[in-house]
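Structures for review follow.
Two complexes are shown next, each including chain A; its partner changes from chain B in the first to chain C in the second.
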Partner chain A sequence: MTKKKGITLDLAFFKKNIALILFLALLIFNIFATNNFLSWITFNNFFKQVSRVCLVSLGMSLVIATGGIDISVGSAMALGSVLAALGIVHESPLLILFSVILVIAFGCLAGTAVSKFAILPMVATLALRYVMRGMAKGISGAANVTYTAPKLTAFFTQPVIGRVPVHFFILVIAVVVVYILVNKMKLGARIEAYGNNPVAARNCGINTVKIVIFCYAVTGALSWAAGMLEAVVVSSAHPSTIGTDMEIDAIAATLIGGTPIDGGYPNIIGTTCGAFLLQLISMMCNMNNVSYPVTLMLKACIVLAALYFHGIGKRSR
Partner chain B sequence: MKKVLALILSLTMICSLTACGGASMEGENPAPEAETEAPAEDTDAQEPAEDAEPASGDATEWVWPSKEELHVGYAQADLASTWRTVESEDMQRVADERGYKITIVNAEGDTEQQISDVESLLAQGCNVIVITAVDGDAIQPALDKCKEKGVPVIMKARGSNGVPGVDYVTFFSSDFVAEGRYAGEWIAKACADKETIKVAEIQGILGGTDVRDRSGGFHEVADKEGNFDFVVEQTANFSRTEAQEVAANVLQSTGGEIDAFYCHNDEMALGVSLACQSAGLKVNEDVYIVGVDGMYETFDAIKDGTISATITCTPKFAEQVFDGIEAGMAGETLETFYAIEDVPVDATNVEENYDLGF
Partner chain C sequence: MNKTKSFFSNNIALVGLLIVLFVGVCVQRTFVSPENLCNLLRSASLMGFIGIGMTFVVLCGSIDLSVASVFALAGYLMLNLSQYNLILALLVPLLAGAAVGFVNGVLVEKLSIPAFIATLATQMFIRGLVQMFCNQETYKVDSVPVPILALGRLTFGKILPLPLILFVIATLIAAFVLKRRFIGRSMYIVGGNLEAANMMGVSVPKTMITAHVLCSVLTCIGGMIYTSRVGVASPLAGTGYEMYAIAAVVLGGAKLTGGVGKVSGTFIGTLIMSSFSNIFSMQNILSAVWSDVVVGSVLLIVIMVQAVVTIYSKGKKEA
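Now for the complex of A and B:
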C-alpha cells in the first residue's frame, strides 16, 4: 500500500510540473550541447522571441479553462498590429487606441456568442479568425505596412538596465497579473467552476456570461500586445504573416502546461513553462541547424509526452 | 461531446504540428507578397513543354481576332498580395498604352468563382482570355468552354495542368530555378576571394514550388562551385520577424561566422539584415545578404547598403504577354512556355532596374 501511495505522489508531482521539468531538462541539455548558448545574447534573444507566444498562451489558458477555445488569436494579432502600424504611419494615437479597442471588442463578441448564444467556441472564433484576417488585409491593401519610428524601435530592441530586454519585464508583469487574477482572486475559482460544470456554476449564482466574455476579451488584449511585439522588432506589420499558426502554439503551450482542454483550473505557471519549452525547442533547432520538419516533430513529441503525464493523473483519480 | 471535441482538437493540433509547416487550418493563404506567384502547387505547370507533344490532329484551332477587334479578358486569381495587385495594374496599363480593350475580373482565390468569371468574360465578348489560375486542375472546365469557341487562352504566372496547344495556347511565368541560380552566382562572385563560402539559406514555407525551385537553382550553383558550405538551412516561413529571429539565433550559435545569407524572399532578407546589424555585422563587409522578389523597399535598402542584392521576380510582364497576343494575331505560332527573364539587382544597377519593383 505504502509503495503504491509513493508512486501516485510522484505522478502527481510530475503531472503538476511536467512543463517546468521538461523545460529545465532541455535548458541544461542546451547549456552543454549548443554552441554559445550560455550568454546574455541568447538570454535576450530568448525573451524577445518567447514573449509573443507566451502572452497569447496566457489568454488561451483562461479561455481553455472555461471549456472554450480561441483560434482567432493569430488574426487578432494581424488586425491589431496592422491598424496600429497605420496609426504610427499617420501619426495618429487615436488609431492606435482604436486598434486595441477593436481587437478587445472582437474578443467580447466571441465571448458573448459563446456564453449567451451557446455557439461552439471553435465555430465562433473560426468566424472571427476569417473576419479579422480579412479586415487586416483589406485595411492594408494586402501589403505590409512599414513605418519609421526610431525611438519606438530602439525601445524594444535595445536592452534596458544593462542587459535585459524590455520583453522580459513585459512578460513578468503579464504573468504575475494573470497569476494573481487566477489564484488570489475569486475569478480563478469562478473560471474553474464554470469550466468544470457550467450549469452548476450558473446555479451557484456566478455571472457566467461575464466570466466568459472577460476571458475572451483578455485574450484579445494579449493578442494585440503580441501582434505589436511581432511588428515592432522589424518596424513593419504584414497582414498575411503576422500571427500565422499562433493559435496552434498557444493551445500546445496551454496543454503542456496542464490546463485541461475540456475546462477546469487554468495553470498559469504551467502555461508559461509550456510556452518557454516550445520556444526553446525552436531556438535549439535554429542554433543547431536542425531542419524544420524535425523541429515540428520534436514539438509534437513534447506535446504527446506532456499529455501522457497529464493523462496518468486523470485515470488514477 | 466535450471529450470528442477534445480528442478532435488534440489530434488536429498534433497533426498540424507535425504535418504542415505553413497553412495548417488556414482557409486563406498566409503566404506573403511574391512567393506564391507562378504555378503554386502544380509541379507540372512549370515544364509543360516536355510531356506535351499533342498529335497535330488534337491541337485546338485557335481563332485569333483582328487587332481592331481584340478584347482581352483577364481572370486574375486574387488580389491578396501586392504582387497580384501590381500584376493586374500592369495588365491594365499595357492594354491602355497599346489601345486594346481589356476587362479584368478577380476570383478572390475561389476556383468556382474563377470558372464563372471566365464564362462571363466570354459572354461579354472577350476574344482572348488571359488566366492566372487559382488552381491548375480545377480551371479545366473554364478552359473547355474557351476551347469550344476557339477563344485563345494564355496562362499567366500560375499555370494549368492541362496540355499546352490543346487546353491553352501558352504559359508565361517567372523561372524560380533561374532566380535561385542568379542568387548563387551573385554570392559566388562576391565571395570569389574566399576559399570556402559559409552560406546560410533562409527558406520560405516548405512545400511550395517557389521554395523548391529557388533552393534547387541555388544548390545547382553551389554544387558546381564546390566551395559553398551550408552552415545553416532554416525556414522562416517568408516572415520578416521570423527571419530576424532565426538569423539572431544562428548568428549567436555560429559566432557570426557566416559569409552570406540567401533568403527566399525579400521580406526575410530585410529581417535578416536587422539581425545582422544588431549583431554588429556590417552588410557588404562582414556579410552579404541576398533576397528574391525586388520590392521597392529592398531596392531602397540596397541603396542604403543594408541589403547586398536581390533577384527580381517581377509581376510586371504584361508587355511580354501582349507581345505574345500580337504575335498570335499576326498568325505566328507561339511557344508553349515563356520564362520571364529576371535580373539580379545590386548597388551597381539598382537605379536602372528600379521600375521592375513592386
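Now for the complex of A and C:
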C-alpha cells in the first residue's frame, strides 16, 4: 500500500516538473556534448532569443488557465511593433503609446467576446488574428518599416551589468511579477477558481467577466513587449514576418509547463521552463549543424513526449 | 413565418453569402460573368477539400492543424512518384494522408494529448519531413505526365473545372455519410455528448480516428489538385491554410466544441472566404493590403450575430 502511494507521488512530482526535468537534462547533455556551449555568448544569445517567446507564454498561461486560448498573439506583436516603429520614425511618443493601448484594447475585445458573448476563445482570437495582422499590413502598406534610433538599439544590444544582456532582466522581472500575481495575490486564486469551475466561481461572487478580460489584456500587453523586442534587434518591423508562429511556441511552452488546456492552475515556472526547453532545442540544433527540417521534427517529438506524460493520469482515471 | 425564421437562424451563412455576392456585383459587374465564377469556384474547391475534412474533425469536438503540412506532403509525393508510376502517384499520397490521420487520431484519443497541440506537433513534424525531402527548395520535375496535370487544369466546356466537380462530389458524399451512415451520426454524438456516446456503445476511439483519417485524406486530395495546378511542389505550400479552413467551418455555423455543424454550411463558408479574395482583386476602392482586416471583421461580425442569436433564443426558452 505504502509502496503504491510512493509510486503515485513520484509520478505526480514527475508530471508537475516535466518541463524543468527535460530542460535540465538537455542542459547537462549540451554542456558535455556541444562545443563552446558554456560561454557568455551562448548565454547572451539564449536570453535574447528566449525572452520573446517567454513573455508571450506568460500571458498565454493566464489565458489557458481560464480555459481559453489566444492565437492572435503573433498578429498583436506585428501590429504593436509596426505602429511603434512608425512612432519612432515620426518621433511621436503619442503614437508609441497608442500602439500599446490599441493592442491591449484588442485583448480586451477578445476577453469581452469570450466572457460576455460566450464565443469560443479560439474563434474570437482567430478573427482578431486576421484583423490585427491585416491592420499591420494596411498601415505599413505591407512593407518593412525601418527606423534609426542608435540609443535604443544600443540599449538592447549592449550588455547592462557585466556581460548580462538587458533581456535577462526584463525576463526575470516579468516572470517574478506574474509569479507573484498568480501565487501570492487574490487575483491568481480567482483565475485558478474560474479555470477549474467557471460556474462555481461565478456563484461565489467572483466577477468572472473582469478576470477573463484582464487575462487577455495582459497577454496583449506582453505580446506588444515581445514584438518590440523582436523589432529592436533589426531596427525595423515587417508586418508579415514579425511574430509568425509565435502562438504555436507559446501554447506549446504553456502546455509542456503543465497548465491544463481546459483551465486550472497556471504553472508559471513550468511555462518558463517550457519556453527555455523549446529554445534550447533550437539552439542545440543550431550549434551542432543540425538542419532546420530535422530541428522541426525533433521539436515535435519532444513536445509530444512531454505532453504524453501529462496525459498519463488522465488515462488511468 | 416561424419556419422561415428558424430557417434563417439555422442558415446565417447563406444570408452572409448572399450579402457577399451582392457586394461583389455592386463593386464589379463582371463578378457574375461565367469566367469569373469559374475562377472563383476553382479556387474555392482547393480550400474546400480541407474545409470538408475539418468539418468531420470539428464535429467530433477535435481540431486538426496538421492539414497545412499534409497539403504540402501530398503534393510532393504525387509529383515525385509521377516519374515512376501513375497509379502509385495518385494512391500513395492518399495512403500517406490516411497514415497521418491515423497517428493524429491515436495521439488525441488514445494518448489523450489535447488535439490542438497534438496536431500542431504533427504539423511541425511533417513540415520538417517535406522540407527535408525537398532540400528546402521548390521541387520540380522535368516533365509532369498529362493525367497528373489534368487533375488541376482540365476544364469541361470552358466553365466547368474538374476540381470543382470533384469538390461537389466530395461534398455530397460527406453530407450523405454524416446524415445517413452510422459513423457519421456517431460523430455528432461523440462531439455533442461524450458520456452519452460511451453509454450508447458508440466506439469513441474508432469515430475519432475515422474523422481524423477522413480529414487528412481530403486534405491530400486538395494538395494534389493544387500541385497539379501549379506544376511544382513547394515545401511551404499550404502555410496558414489550417486557419483558413477553420474560418470557413466556423462561418458555416459549426461549433468548435463539437456536435453542431453541417457540410453544406462549410461549403457556403468556403465560398464566402474565396469570394472575398476574388472581390478584393477586382476592385480599386480599398488597397489589397487591407483584405485580412475585412476577412477578420466579417468573421467577427458573423460570430457575434450567431452568439447574440443563441443567447436570445436561450433566454426565450428559459422565460
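In this text, the second predicted complex is superposed on the first by the 312 of 317 C-alpha atoms of A that agree within 3 Å, B and C clash if a C-alpha of one lies under 4 Å from a C-alpha of the other, contacts with A are read in each partner's own complex, and residues count from 1 in each chain.
Heads up, the rule we're going with is that contacts are C-beta pairs under 8 Å (C-beta built on N, C-alpha and C of every residue); 3 or more make two chains touch, one makes a residue touch a chain.
This one's a predicted model, so the numbers in the text were calculated from it and none came from an experiment.
*Asks:* Looking at the combined model built on chain A, do chain B and chain C fit side by side or clash?
*Replies:* Once chain A is superposed (C-alpha atoms), there is a clash between chain B and chain C.
*Asks:* Between chain B (first) and chain C (second), which, if any, makes contact with A:39: first, second, both or neither?
*Replies:* Only chain B is touched by A:39; chain C is not.
*Asks:* Just to be sure I read the superposition right, which of the two partners does A:294 touch: chain B = first, chain C = second, or both, or neither?
*Replies:* A:294 sits against chain C, while chain B stays out of touch.
*Asks:* When the two structures are overlaid on chain A, which partner does A:252 contact: first (chain B), second (chain C), both, or neither?
*Replies:* The answer is both, since A:252 touches chain B and chain C.
*Asks:* Quick one: is A:15 in contact with chain B, with chain C, with both, or with neither? Answer first, second, both or neither.
*Replies:* After superposition on chain A, A:15 lies in contact with neither partner.
*Asks:* Going by the touch definition up top, name the partner, chain B or chain C, that contacts more of chain A.
*Replies:* Result: the larger residue contact count on chain A belongs to B.
*Asks:* So, A:167: does it touch chain B (first), chain C (second), both, or neither?
*Replies:* neither
*Asks:* Could you look at A:49 and tell me whether it touches chain B, chain C, both or neither (first, second, both, neither)?
*Replies:* A:49 contacts chain B only, not chain C.
*Asks:* With the two structures laid over each other on chain A, which partner does A:128 touch: chain B (first), chain C (second), both, or neither?
*Replies:* After superposition on chain A, A:128 lies in contact with chain C alone.
*Asks:* Could you look at A:119 and tell me whether it touches chain B, chain C, both or neither (first, second, both, neither)?
*Replies:* Second partner only.
*Asks:* Just chain B (first), just chain C (second), both, or neither: which does A:308 touch?
*Replies:* Only chain C is touched by A:308; chain B is not.
*Asks:* Following superposition on the C-alpha atoms of chain A, which segment of chain C from the set 93-101, 111-119 or 309-317 overlaps chain B?
*Replies:* Answer for the clashing stretch of chain C: 111-119.
*Asks:* Name the residues of chain A shared by its contacts with chain B and its contacts with chain C.
*Replies:* Residues common to the chain A contacts of chain C and of chain B are 69, 71, 120, 122, 130, 133-134, 137, 141-142, 248, 251-252, 255, 261, 291-293, 296-297, 299-300, 303-304, 307, listed in rising order.
*Asks:* Across the complex, what residues on chain A touch chain C?
*Replies:* Residue positions touching the partner: 69, 71, 113, 117-120, 122-124, 126-135, 137-138, 141-142, 248, 251-252, 255, 261, 291-297, 299-301, 303-304, 307-308, 310-311, 314-315.
*Asks:* Please output the residues of chain A touching chain B within their complex, sorted ascending.
*Replies:* 34-37, 39, 41-42, 45, 48-49, 67, 69, 71, 120, 122, 130, 133-134, 137, 141-144, 146, 157, 230-231, 233-234, 236, 238, 240-242, 244-245, 248, 251-252, 255, 261-263, 283, 285-289, 291-293, 296-297, 299-300, 303-304, 307
*Asks:* What does chain C use to touch chain A in their complex?
*Replies:* 63, 107, 111-114, 116-118, 120-125, 127-132, 136, 243, 246-247, 250, 255-257, 287, 289-297, 299-300, 303-304, 307-308, 310-311
*Asks:* Under the definition above, what is the set of chain B residues touching chain A in their complex?
*Replies:* Spelled out, the residues of chain B in touch with chain A are 2-3, 5-6, 9-10, 13-14, 16-19, 21-22, 24-33, 79-82, 84-85, 203, 206, 231-235, 237-242, 244-246, 248-250, 252-255, 267, 270-271, 274, 278-279, 297.
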